[in-house]
Amino acid sequence: MSDSQSVDGIRAKLREIIFEAETPAGKAFDLVLLWFVLLSVGVAMLETVEAIDAKFHHQLEGIEWFFTIAFTIEYVLRLWLSKRPWKYATSFYGIVDMMSCIPAYLVFFIAGGESAFAVVRVLRLMRMFRILKMVHYVHGAEVIWHGLARSKEKIAVFFFAILLIATIAGTLMFYVESGVEGSRFTSIPMSIYYAIVSISTVGYGDMVAQTDLGRFITTILILTGYAVIAVPTGIVTSELIKGQETDKTTDACPSCGVHGHLADATYCRRCGAKL
Amino acid sequence: MSDSQSVDGIRAKLREIIFEAETPAGKAFDLVLLWFVLLSVGVAMLETVEAIDAKFHHQLEGIEWFFTIAFTIEYVLRLWLSKRPWKYATSFYGIVDMMSCIPAYLVFFIAGGESAFAVVRVLRLMRMFRILKMVHYVHGAEVIWHGLARSKEKIAVFFFAILLIATIAGTLMFYVESGVEGSRFTSIPMSIYYAIVSISTVGYGDMVAQTDLGRFITTILILTGYAVIAVPTGIVTSELIKGQETDKTTDACPSCGVHGHLADATYCRRCGAKL
Amino acid sequence: MSDSQSVDGIRAKLREIIFEAETPAGKAFDLVLLWFVLLSVGVAMLETVEAIDAKFHHQLEGIEWFFTIAFTIEYVLRLWLSKRPWKYATSFYGIVDMMSCIPAYLVFFIAGGESAFAVVRVLRLMRMFRILKMVHYVHGAEVIWHGLARSKEKIAVFFFAILLIATIAGTLMFYVESGVEGSRFTSIPMSIYYAIVSISTVGYGDMVAQTDLGRFITTILILTGYAVIAVPTGIVTSELIKGQETDKTTDACPSCGVHGHLADATYCRRCGAKL
Amino acid sequence: MSDSQSVDGIRAKLREIIFEAETPAGKAFDLVLLWFVLLSVGVAMLETVEAIDAKFHHQLEGIEWFFTIAFTIEYVLRLWLSKRPWKYATSFYGIVDMMSCIPAYLVFFIAGGESAFAVVRVLRLMRMFRILKMVHYVHGAEVIWHGLARSKEKIAVFFFAILLIATIAGTLMFYVESGVEGSRFTSIPMSIYYAIVSISTVGYGDMVAQTDLGRFITTILILTGYAVIAVPTGIVTSELIKGQETDKTTDACPSCGVHGHLADATYCRRCGAKL
């Protein structure tokens, strides 16, 4: 057995582990990766909490380097094992994989080990996107995604309507409220922000109407939003139900022509003929 | 070829560009117009942001005049090309088109170029309504609109219910809270504003209950609102699903012309003729 | 024609006007009454706005007395015209009608004309309930009402679940937050108020978590509420859709037994037999 | 009649009262227990309200001991009557029953009667969980529960999506807002808390964007949340409707036993036998 054959064997084995999701080894690898991603994102978050960073700065740095090296190894392996390395490297996930490990080294050599650079921290959080790769394992994600995709156009119309209402209401609020002392309605964009915060029922309360007319407009705006919020729900719900129905019903009966049989039907429910 | 014929040719050509939406020229014109409207609304908004206006006042003024002149030319062309100019001029969109360009000249000649007048700025924002003309291009807008239109009566009942609950709760809150020092429940209309802000789950927090009884009433109010918010959603959703079902049902009866048969119908439900 | 006969004629005529809603006179009476109720409620509200009351106190008082006398005349007429006056007087609407006019006189004679008594003002606002009598005119109110009535039990379960979650979360928040300086989580009922304000997505912001653990519990609570708010909507929507289906479909075909014909079907859509 | 026989008779009688829910005695016992649980939870809550505790401390303590003794008797009886006492004692409800009465005695003997221990108070509130045992009486709870259970996977996907969006938006907000003076965006976890409070439309207002860019990101976040909130509603609604449809379909096939035929089925969809 030649050397190159043994390398090929290792490559095939590794390829199975890293790229396949059905084999036990592949599943285990994906699970470990998922936990690595979650933990490294958690560590990157904790580093921004001052009280924790002051106490455990070195430990967090150490863990962070452990994950960075692990992801680097994984990235290099993927490049090596991939049949078309260039295609992988320039794909969305290839770039995410690269950006979530390589920049740390640049900072290390340039800034001398202190990964205080905000940019590196943001790049590290890009690791989250790697979880998206694993979403297709979860049964049910597809149903939701299709429901949203089918509702795409209607949701766009809905957003346009919201923005139009918010712009009109924001403009009105600006002219009504901007004259009041200490008013926070200092410009139309600020007032549109208020209108969107109101119509979506978030209502932070950092900006509030201070005149009676402003309060009246706000009330109208809220009630409009109340009717409008029903629309995206209705759209998505009706799309999901439509999706279900397509799941459930199959072709017409060849003998009597009745539609709408259950998905597992073998015989027509009307005439008893074989489907 | 007479002069009048050549003018007629130009009119026909322009009419195709301005009024028709199907031809390439018409589509391009509509797209340019859409961007002009969006940009001019954006500029009108930016003018109200003090920091930007201080720096770029003259540039914004210049852009604004560019759009005003463009919309004026378009308005004059529409008047000239229209077969019934008077009908166009007095229609909703005709008035919107006029109000969004003409007043700027009045202010210019009267106030000497400073378009500081609030009224002119509001009129300029009326240009937004011109976007409504283009909504019918968007597939899906109709479905939503029909859904809402069919739910009209039920939504009115729902609003009436909300207002009734808010009035009762507001009145109660006024008598419970108005005696507390520093209370903002100074009148029943103010308290109704609070009730609507609460029941719609906006909750700005500018007015809050300060007594135990007030908090108890607020809790009841919120929970009622929680059940009530389900209603408009249910209404719109069931209307959208109904709309879909009507969609699914097939052609008219060849014998009596009745529409809206169920998908599996073989015989007309009105006259019994074979479909 | 005897005197008693003429009185009977007047009674019959008045009865038609006051009790019947189908005749032109009855409709006009109901419309006038609706506006009287709305205006008198509006006046009672405006009286609580100090700035308005200071200026127009006497005018508002005058209008108020006009409505009080009008409602008194209507109440006396209803008593006189009713076939069973006692049953009317002790019915819900009878008591509402009485309470919204009689107490004003008591205050007038006891307190000497100054209707400053809060109790009288509340009673005056009871006139709002008279609008409920007219709701049955509005097509669509019934559909909503039936939808809610059919969902009654499920909505009760839902409220119980919300209260259970709010109680558990409130108790936890109390033990986590009550030790912090200046904390507003001073008791478990206060903390339950916070939990309900949070889970319903109202979020006034008068009480907020000040510890990291408190914020974590709040996040869990909000996400739970997010899933839970879907439930009443789902319940009401599915009931409304069920209601629609019942509306739409009638009996089975006598000849072939197919169900689910449209409400206006005369012939079976499957076999063409007369229904 | 021997002594042991008479004890057996008492045991059988008590078992009927305590374990069975169908007999009149069993129903009465359950109702008394429900009220005992609700009242004792209410008392435990009132004890945390300072104003009430200062006035009625001894009365509340007395009532509390009454309930503690009652629940102790019930717990001992359940242990004695149960056919497998150990299984009951180690079951979820067995532990709840025990924890809600036994610890009070420990505190009494150790701390000398002052049940000021926070831990005991929390344990007392565990009595609430006993209500869960009685939920199955309520018709409708099952429908909701099944709807939620069937949506389990999709709701998990939805929560994952919310957390992903909140993490991304929180990270962005942290880098945008953390530099502003007095900013409360002090760490990424804090910013994620803000993102979740915003996307869920709670909006306490304790943290608000102070920069224009921050407000812009918040607006995008809110509008995303607006589209996303439609998803769990759509999921639950479509599951509830599916549940209803399954409800509507009739009996099992007499020949092969398959359930869940459509309402208008005449022949079994599996074996073709006449229903």
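Quick notes on this one:
Each chain gets a letter, A, B, C and D, in the order it is written, and its residues are counted from 1.
One rule holds in what follows: a contact is a pair of C-beta atoms (placed from the backbone, for glycine too) under 8 Å apart; a residue touches a chain by one contact, two chains touch by 3 or more.
Note that the coordinates shown come from a computational prediction; the quantities given were computed from them, not determined experimentally.
Of all residue numbers used at the contact between chain B and chain C, under half are used by both chains, marking a mostly different-residue interface.
Centroid distances from chain C, each centroid being the mean of CA atoms, peak for A. For the pair chain A and chain B, the distance between C-alpha centroids works out to 30 Å.
Distance from the chain B centre to the chain C centre is 29 Å, each centre being the mean of its Cα atoms. Rounded to a whole number, the gap between the C-alpha centres of chain B and chain D is 43 angstrom. Within chain C, the positions touching two or more other chains are listed as 158, 189, 201-205, 229, 233, 235, 237, 241, 258, 260, 270. Chain C meets chain A in the complex at residues 201-205, 233, 237, 258, 270.
By the touch criterion given at the top, residues 153-154, 156-158, 160, 164, 167-168, 171, 174-175, 186-190, 192, 198, 201-205, 208, 212, 215, 218-219, 222-223, 225-227, 229-231, 233-235, 237-238, 241-242, 252, 257-260 of chain A touch chain B in their complex. Of all residues in chain A, only 41, 44-46, 48-50, 118, 122, 125, 128, 131-132, 135, 138-141, 143-144, 147-148, 155, 158-159, 162, 189-190, 193, 196-197, 200-206, 229, 232-233, 235-237, 239-241, 244, 260-262, 264-274 touch chain D in the complex they form.
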